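In what comes next, subunit A is part of two complexes: it sits with subunit B in the first one and with subunit C in the second one.
And now, the complex of A and B:
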């Protein structure tokens, strides 16, 4: 695929043209906090930011999502609610692009989840390479950043006064066509600069090596002491946050809520495998009634089971679970402890 | 979809969060990363807060009782009728026959207005709120000792303390963010002393756990002081320069030798000695306490004892060191600050003080009553006797939260007129003559004050649901109808009046709150940056005051017929009377019904199995509830949470009061247990 140059002065003009055709989602700064949101005013967008607390997963798999409405008349009427809106996400980071690739696999394996897949099909992703890695991220060791190799439709690298634009798909190419005049050809020096920017970024990670593969192997061979899970369980406050913010967590609960009279809606909500209710069965029996078992299972799932199923861990190294955890339990440090054989 | 920075409506930590809404539905939340409390985190209640807001159970129009049942009515009729009834009672029986319950869930502005309404429109000081049930003894005790009843420090200071003494607070479960700070401190090497009659989660991290018999707190605290003095660990210089009345106090606590105290409390004397050495030996030592200390007939004495302890070690008046009552509700601090109290105006200005009366009379162009009003439990008692005839309850649910519910029910049913405003048809609203639909926190602007005195902005995210109105507008409507004009366009204007009349809020204006993460009072003027820790250089009352206190018995002791001690409290997954948390599916799924924790050995003796229904009986009532067998409670004790209306723990509790602060003894009552 082709590469282009976009002068920074023309980023907003370009996005404005995009906005006229599709719903634009981009990072906005609120009180220094970064949140991905729908854009109404082009000037709300920020381009200089560390990644958001909640990943753009929310736009494909919302925290609560009405999947159908029903009416309990003599014969029940059911109306599925699927979103077909065409969207462009600008500013998604590489880890989250890989996160979506993970979700793609999960939501299309066996059962095709139309709510997710429709939204996914109708989105174009413009990935922004991290030239300044975030504090808690370790995408570099999860092979999901700071620059993406696959998964993006367009990928922008910040060269100071301009962006180096890589096209990753036909959808990306089509997006450029909306405002072709803003894009120019690259010269060799641009490629060099792009390489240097990424190289510098790679040297700036604050994390030491996080060896996901080795941890996975140790888990598979049961080389991890039960004490570790016990200790983590003691620190876990059962907030659910680590699952909610993780770009690769897929679990949801389904509940029916009344609207009024006979009408109701079926909603799916983010769920968390550290909560006791997650595994409790209808009769009250809970195969994982102890928090130790649930925490343990969470890490087995993230690191080990996924390798067996999809040949890759489902941790993309975004570091969000470090930020969100009340007990300082985060995948990076747990992996390190597993590797050290604690 | 738009996100607005606002404050979590559950606990007193006061996490910053953005609500995500589509059309008028709140669909999710997003913790604030830069907010000093949440720092990108929330507890499970915060993460699931979006679920109750658009619940189909919300009240969406006013209700009026006709022929015995509540029927839909218009705002006009509801307000006209309520105003007329209140005025009639006032005319026929006098102002003192009216009572108001304000709300620790509502904003500062709403509490201030309701306090004003009570004083100008009703002409009484009969106003109180649920702080009476949780920290009344703190407000009186710490005010006597230090001059202010609030946390002396800020939440984040905990992380750099050398020693944290947690007494009667299940912190990780009730104040998750504060619990997390304590874990961080321990990770950094701080010593943790846990004093609790239950084996709470924090015990896993404790250097030492003292497990006193319920109701024996003064004894162990006095004993720590005795040890500190006898081992010469007291800070004599500090006592001399910063405090008064030490010698008198000393004569009393010196009676509490470790041997004697072991007999009263059941705590081995070595542990008492170890704890005293740790607490006195560290420089940055913070005491954190909560309802395990306050909810006793001798609650004020417990608080005074803790204050004495901190003074003896010279542990108040600088960062990372002090005495910190953790306030439970999102805005219980603010409701107290705003003068929703029978003896104080906003900012703890005593109502009996003439200067205060003059100031408020001038501002409000009226004569405010000067006689101290009734507290929560007193109002209920007077209603049973027929002396309180009419009440307005804003967003509180005494039918679940107050002690001795059967008695509360009798009181409310005995009223000539009961007006309730709430989001849901609570058990209390169900008894009302008029019910007004109130907005949730997501539908209004205002401020909450968290437990560390941080005044923070609550922002409207969605339009009001149905015909709901924010409580401040409800109060204005009612007041106007009763002939006392109140016209405010926005809560901002109410805050301007608060700033004018309340020295500790003197510098708090919306534009300043919008700039950062709120301001911590005292904040005296526009250029004042707020106060992160109290009593720097001098105590608010000048010199801190030692008060001698001795261990007195609980109101109700166990006996042959009622051999168990019942303590009540909260659990992590639910909040207060459950009207919000039980409407969140994730929380409801975690803990769908109430339970009683009972010690393993007691369960065996009574042949009770895990999950079995049991009956708990006290002198006042009985409940049926499932048993949960646990090592966390000690022998002879039962713990029941009070969130569940199907098994309301407060049917059992007694409304015996601490004579000073009038807090009821919710932590100790005698009961018996029967297998069903």
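And now, the complex of A and C:
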């Protein structure tokens, strides 16, 4: 596919054109945090950020998502609520692009999940290469960053006064066609500069090596002592924070909520596998009532089971669980301890 | 793309009081096409919607041979089942499914079969028993052993008298009362009444986890192969389609890989968490 140059002065005009055609999602500053949100004003967008505190998975699998509405009149009527809105996400990071690739496999395996897959089909992703890696990320070891090799529709690398633009798909090519005049041809020097930017970024990771593959192998071969799970269990605050911020956690609950009178909606909500009631049955029986078992299964799932199923761990190294975990039992720390044979 | 979360509307055609706080519901799809196209294997389950109260999984208790409608058996346990117990004939519910693997009916062909059920666990067994009675060469001989807490907790008394024409049926209760003339004690106590060639015999179990464990041990003692002991597992199957994560055991999904497993598989799953 082709590459282009976009002068930084043209970024906003380009995104403005995009906004006229599709719903734009981009990073904004909110109470000193960075979040991805729907954009109404182009000036809200910031490009001065490492990554958002919550992954953009919520635009595909929202924290709270009405999946259908029902009306209990003489006959019950059920109306599915599926979003077909065409959207563009600007500024997504490589790790989160790989997160979506993982979700794509999960939601299309076996029974297809229309709520996720429709949103996914209708989105165009503009990935922003990290020239200055985030604090806790270890994408470099998860092979998911700081630059993406696949999964993006357009990928921007910051060359100072301009962006190096890679086209990754037909969708990306079509987005450029919206404002072709803003994009110019690359010259050889641009390629070199991009190479340097990525190389420099790769050398800036402060993180110690996080060997996901080795940890997964040790789990598979049961080379982890029960003491480790016991200690992790003691440290786990059972808040579910790690699951909520993670770009690849998928578990959900479903509840009905009355709207008024005989109308109501069925809502799917993020759930967390470390919470005590996660596996509890209506009669009270709870097969994973022990926190040790819940924490243990969480890591087996993220690392070992996912390799068996999808040939890759579902940890993409975004480092968000490191940022939020109150007990310091984030994936990076746990992987390191597993590898050390603690 | 099909919307797997969209329930089809069904109407409650009949309600039978089966036992203390247990009712059987006869459900019929409103949509004619769904009504004729809906097929399932014994041991499969549906996700039932009680609108305003959510969804919960229930095994189908009627035989696949029965067209027009299906039956489920419901014990009052949580808020959804409580509401369901208040519903009346003519009320509407939602159905998704059928889901899960179901019983290995081919494996049961021409075999001696011991059914072991506890409490409401007779529901999926009923679907299988009624199916095997009808299918040609479905089985060689059948023993039906069933245990309930008290006589008033026995689910579907008339089923047992119907089955006793074709099978050897034994019932027991944990706690008897004046009306009860039969056996008292756990359902596994009924096993000595069975005389079969163990190598040629399969057992199908459904009931609470403690019952399944005890029965599995006894059946192994009398010589049944582990792969011939078959049980359904109970898990919180919220979505039924391998997505919500609630029903996982190790790397297995009860809703897709199960809910029917052999005792050999269960032994492996027991090591999981």
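Here is the rule we use: the second predicted complex is superposed on the first by the 340 of 342 C-alpha atoms of A that agree within 3 Å, B and C clash if a C-alpha of one lies under 4 Å from a C-alpha of the other, contacts with A are read in each partner's own complex, and residues count from 1 in each chain.
Assume a contact is a pair of C-beta atoms (placed from the backbone, for glycine too) under 8 Å apart; a residue touches a chain by one contact, two chains touch by 3 or more.
Nothing here was measured: the structure is a model prediction, and the numbers come from that model.
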Handout entry: Three-chain arrangement built on subunit A, subunit B and subunit C clash or fit
Key = fit
Handout entry: First, second, both or neither for A:326, with subunit B first and subunit C second
Key = first
Exercise for the section: Pick one for A:80: touches subunit B only (first), subunit C only (second), both, or neither. Expected result: second
Exercise for the section: Once the structures are superposed on A, label A:173 by its partner contacts, choosing first (subunit B), second (subunit C), both or neither. Expected result: neither
Practice task
Write the angle, vertex at the C-alpha centre of subunit A, between the C-alpha centres of subunit B and subunit C, to the nearest 10 degrees.
Solution key: 80
Exercise for the section: Could you look at A:282 and tell me whether it touches subunit B, subunit C, both or neither (first, second, both, neither)? Expected result: second
Practice task
Considering only the touch criterion stated at the top, classify A:211 as touching first (subunit B), second (subunit C), both, or neither.
Solution key: neither
Exercise for the section: For A:260, select first, second, both or neither according to whether it touches subunit B, subunit C, the two together, or no partner. Expected result: first
Practice task
Would you sort A:22 into first (subunit B), second (subunit C), both or neither based on which partner it touches?
Solution key: neither
Practice task
Classify the contacts of A:234 with the two partner chains as first (subunit B alone), second (subunit C alone), both, or neither.
Solution key: first
Exercise for the section: Kindly classify A:63 by the partners it touches after superposition: subunit B alone (first), subunit C alone (second), both, or neither? Expected result: first
Completion exercise
Overlaying both structures gives a minimum C-alpha distance between subunit B and subunit C, in Å, of 10
Problem - subunit B and subunit C contact sites that coincide on subunit A, given as residue numbers - result: 253, 255, 258, 271, 280
Fill in the blank from the handout: As the complex stands, subunit C meets subunit A at residues 1-7, 9, 30, 49, 51-56, 75, 77-78, 80-81, 92-94, 208-209, 234-236, 238-239, 241-251, 256, 272-273
Problem - Of all residues in subunit A, those that touch subunit C in their complex - result: 67-68, 70, 72, 75-76, 78, 80, 82, 106-107, 109-115, 117-118, 250-256, 258, 264, 266, 268, 271, 273, 278-283, 285, 287-288, 290, 293-294, 296-297, 300-301, 304-305, 308-309
Problem - Touching residues (chain side subunit A, partner subunit B) in the complex - result: 30-35, 37-38, 53-54, 58, 62-65, 234-235, 237-241, 244, 253, 255, 257-260, 269, 271-272, 275-277, 280, 284, 323-328
Practice task
Using the touch rule from the top, collect the residues of subunit B that touch subunit A in their complex.
Solution key: 1-3, 5, 18, 20, 27-35, 39-44, 46-48, 50-51, 55-56, 172, 176-177, 179-180, 183-184, 187, 201, 204-205, 517, 572, 585-586, 589-590, 611
